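Can you read through this structure? Questions will come right after.
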Amino acid sequence: MIVIVKNGASREALKELTDRIEGQGLKIHMSQGESTTIMGLIGDVSRVDIDLLRSNSIVEAVRRISEPFKKANRKFHPADTVVEIPARDGAVKLGGGEFCLIAGPCSVESEEQILSIARSVKAAGAHLLRGGAFKPRTSPYAFQGLGTDGLQLLLKAKAETGLPIVTEIMSVDKLEFFSDVDVIQVGARNMQNFELLKELGKCQKPILLKRGLSSTIEEWLMSAEYILASGNPNVILCERGIRTFEHFTRNTLDISAIPVAKELSHLPIIVDPSHSAGYARFVAPLSMAAAAAGADGLIIEVHNDPTAALCDGAQCIKPDAFGELTGRLSGLLSVMGGKR
Amino acid sequence: MIVIVKNGASREALKELTDRIEGQGLKIHMSQGESTTIMGLIGDVSRVDIDLLRSNSIVEAVRRISEPFKKANRKFHPADTVVEIPARDGAVKLGGGEFCLIAGPCSVESEEQILSIARSVKAAGAHLLRGGAFKPRTSPYAFQGLGTDGLQLLLKAKAETGLPIVTEIMSVDKLEFFSDVDVIQVGARNMQNFELLKELGKCQKPILLKRGLSSTIEEWLMSAEYILASGNPNVILCERGIRTFEHFTRNTLDISAIPVAKELSHLPIIVDPSHSAGYARFVAPLSMAAAAAGADGLIIEVHNDPTAALCDGAQCIKPDAFGELTGRLSGLLSVMGGKR
Amino acid sequence: MIVIVKNGASREALKELTDRIEGQGLKIHMSQGESTTIMGLIGDVSRVDIDLLRSNSIVEAVRRISEPFKKANRKFHPADTVVEIPARDGAVKLGGGEFCLIAGPCSVESEEQILSIARSVKAAGAHLLRGGAFKPRTSPYAFQGLGTDGLQLLLKAKAETGLPIVTEIMSVDKLEFFSDVDVIQVGARNMQNFELLKELGKCQKPILLKRGLSSTIEEWLMSAEYILASGNPNVILCERGIRTFEHFTRNTLDISAIPVAKELSHLPIIVDPSHSAGYARFVAPLSMAAAAAGADGLIIEVHNDPTAALCDGAQCIKPDAFGELTGRLSGLLSVMGGKR
Amino acid sequence: MIVIVKNGASREALKELTDRIEGQGLKIHMSQGESTTIMGLIGDVSRVDIDLLRSNSIVEAVRRISEPFKKANRKFHPADTVVEIPARDGAVKLGGGEFCLIAGPCSVESEEQILSIARSVKAAGAHLLRGGAFKPRTSPYAFQGLGTDGLQLLLKAKAETGLPIVTEIMSVDKLEFFSDVDVIQVGARNMQNFELLKELGKCQKPILLKRGLSSTIEEWLMSAEYILASGNPNVILCERGIRTFEHFTRNTLDISAIPVAKELSHLPIIVDPSHSAGYARFVAPLSMAAAAAGADGLIIEVHNDPTAALCDGAQCIKPDAFGELTGRLSGLLSVMGGKR
């Protein structure tokens, strides 16, 4: 971290500032130019409060050199993290070269619905089953999910098909019901629900962390850091589209987030083309693009009767379209080779 | 709500669609043009899932005419809501023509700090005392607030000065500690923490609801609707700046949100110039602008020693600057007259 | 276009409004509901000024059903437009299933530089040579390009290699110098320089139209419409990344723009991964993603000595990296088959 | 400017880099830390190409300390610029404490229209008359303005009322027709039409430079710098709302831009509440806010018959509403005193 001191700062003010900084256990590399004094802070600057430094009356500017995330940082953990999800038919691996397909309905609606979709997506090659039991909805009057009943239905589908399940948590006080869930999803709106992140950091279950609607990649990795710093190393990043001015798609898939996150972090990253696009007909091209850009997997909304879906029907594809897509993805992945 | 049907839709598909809509208790006003069929849905459309309708294969487009919020809507509640906050020296009123000043530090740091600031801001004309005990921080390594100890210190300051207190809640499981808090704040990052909103809707305490960093006014009012629909009518809106591409300010104060929210809703709206600006020197002009645009009040960060503040020091003003500002605000409000 | 009339509009005001609309050559399909009157406007609504309608005191809302672009619209022109660029070794085709590679430096800097790069990219499979002679720079103090001298050097490179050339125009008064240029580029900052678009519509040269930094796809197609409406059908769309809050990339490639533009319009669309990414190391994954999403081609910055480039050196790749990339793209395109 | 060198850079690479920098006439203040080498560049860094530096293989990061604009920078020109616009009844001053009101229709439509509006706004206290003759419209099918005929009508209105006129230019080749125009406006879409800016820098007429729809304040000041650097010191900044995700207003007025621009630059800054709001009913509160925040003036759309306006009718206010607003503004300005 570099602190640029204003011209004409008094000796006393400078002394006070350096004392304050050294009091936090940091060393200062001082560089006195003709007109500018520059301090290079050396040590664990991830704990330094930049706003605090900036507010000092003799400070002109503060510039961070290194990223503020540590445990999520590839610099300190060069090897890819591979998250293993135990399953009846052998553990599913996420990261490290495997390509993982997660599929299922937006919401669990009934036993028949979830079982039928689970069977279809398994047959088409899915490795995990997704389905929402607790649903974050903009309107208090919209369908809010089946709650714990929905979780029970997901577990039935898991029991029958052997597919591990991924489902979203919305508040700490529901955590007790997630003991048999295989991957806990944190939705975009809760990406900075720090109390929830801290609690999830205390368990060892894989956490699928969606990127916030308008969050930067740095903020996203800082939220991953909350989970990692609390003790849980099993974090899966999920890019699901960001808010932009474009309205022909529900959100804008930030395809660049894949190579960027891969460079900055060792955590696996998957893509949600369904929420990114908002419309079923764009799911296939975005899925292909995500695979070509190096994603570790996809989470896709599949519904047997999209027009009757209780939420987000517009972006669900049917099981046969999912099957066709997995075929095309296999072709693409086969030519990507070791270059991914 | 208007549903535009695709050209060439079959009689059966149209029948299925109208049955589905009428099954939700709505009436349909059908308008058959030469090339377009338009359905006007009549009834309580706030419960209609637009995405669901859009996903129907014969639907070209769906357009909402009325707003999806109901209890927060001025159309159904023309008079200004006035939130009353009981206080030793007489209730503080927010909305309906009064101008309310909330001031205090970003975080409660110590008894001496909060007492001293509370005395200063009271002397300068503040009606309520703000101060954070639970702090949402982007980094897990940054100061997270004093927690319940901080709440105790706030209550001491209230006991001494008589100022009612405003402080932020971050998760449902801490609600029990807020019984003596006068106004509970929901921060920008939790604006769509729907589980929290539902719980806060079950009490009758005034809720200060900050707008999310990238939320639209409609989404903000939908979050207010969550609280209102759960039974609590005491919601105060707080505009605190939105994320834009501009970097000379921390956020961009959406000054237009004041007249827009006043038109759409009966709820009082205040402005947080400190988080909007991010720098102390811009707090005064933004405060003046907010008052001139018709805001019902301001929530301002005041610290006796900004450079030593444990968070957001850069945007805190000192007690004397706050005093000078309140004087200028009085002048401005005096000429605004009944026109506000 | 649908006009929703306010409740309680007087008979006279309604008459005045319908007269005004019919005076523009449109028919009105009137639909009188219990509480709402809806007018469906039939005819060429692309000339209707929506803002004007909205400002009418009895109008509640105006909703467009169809897109405001006509000549660029796939509905009225279902077949893909294929832009043909004459070349010594046979015309280069853009659109309709061909994949076109455009490569070259950001700026033309010297004869040696442009000739050497032209030879390299041709050897690696490029179909067209790009190179800037007139450069739009944020700072008046930055290198502004070699101007007409740069154009001459490009023509030399074309003469030697046979590669047709693509270069940017910045103002109408320079058009006379572009007579031997094969494809004229309109940069992102000039996407809504309507006077320039009108002039370019008067020639028949292919126009490569970059999307504006914060433009919607609709605005982009409206700018294409300016060129088409002036008589020039040879427009190539170029997605080059949009401005978002993300800072690890220079811009954010809107990968969804490819399938969206393909659906809305018949015009070919290519991608500029260099400006999207801003960093050379992200050019390859973005290029692969663009091809997988169905783009008709790529325009890539290639420089023999990026660190010495006079502009945008950070995002240039070297000729050998370009060669490796074209090999990987061939593999990917081979498995995409007819599905693109 | 600070250049942070990567760990382990070779002596030769470092030598090559320093030679390159010194070759541009800059001095280097070298600061060799244990693990980091930092170079402080001293001299006229406004000409340094940051991207070029960043692309150097041994450079970790480049951080600018000072702003890239020079002539527009208050640091080098502390006193407020006052732009004087000659007028029959005495020069109008913009900046330096005066408050200037510019009013008139979006477009000049007819002699009767512009004369009648000119008389009204003059009576209500306007100092300048605005009116568009060349109109930038998103659609090629929308009304494009009366062109040179419109300019003639504006001059008639000027001749009768004595109000100097402000009107927009859209391309260099029309400049010859602007010889009797008093203030030339550059619209938001042309803010980075650098060729136009350079030409306008060669005359001495006041230039009203609107901020681009998604431009940062720095980019805006860089565009002002283009005009200043070409020799014309008479630049007036105009904040007209930026694009955000909010849709209840046409754009979002960045009210903070006023104090920020005042701090960074000596140029006068006015506000366009009409384009910011997009709706007539929000023009008054935004105007009051702009004055309270310290703006040097306002440019407001006034039309005698907004529902018949040929463009942007929704945001025009009527002459009597303008008169009422000027009265309220006077009251507000009277209490602002020397504090503005």
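We call the chains A, B, C and D, going by the order they appear; numbering starts again at 1 in every chain.
To be clear about the criterion, contacts are C-beta pairs under 8 Å (C-beta built on N, C-alpha and C of every residue); 3 or more make two chains touch, one makes a residue touch a chain.
Keep in mind the model is a prediction, meaning the values are calculated, not measured.
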* Asked: With respect to inter-chain C-beta contacts, which pair, B-C or A-B, contains the greater number?
  -> A-B
* Asked: Which listed pair, A-D, C-D or B-D, reproduces A-C with over half its contact pairs identical?
  -> B-D
* To do: Express in whole angstrom the distance between the two chain centres, defined as the mean CA positions of subunit B and subunit C.
  => 40
* Structure fact -> Whole-Å distance, C-alpha centre of subunit A to that of subunit B, is 27
* Structure fact -> Residues in subunit C with touches to at least two other chains are numbered 214, 243, 245
* To do: Using the touch rule from the top, collect the residues of subunit A that touch subunit D in their complex.
  => 2, 4, 29, 31, 33-36, 38, 40, 42, 60-61, 63, 65, 243, 245
* To do: In the complex, go through subunit D and note every residue touching subunit C.
  => 46-47, 49, 51-52, 54-57, 68, 136-143, 170-173, 189-190, 192-196, 198, 213-214, 219, 222, 225-226, 229-230, 243, 280, 306-307, 309-316
* **In the complex, subunit D residues that touch subunit B** => 214-218, 242, 244-249, 252-260, 263-264, 276-277, 281-282, 285-286, 288-294, 328, 331-332, 334-336, 339
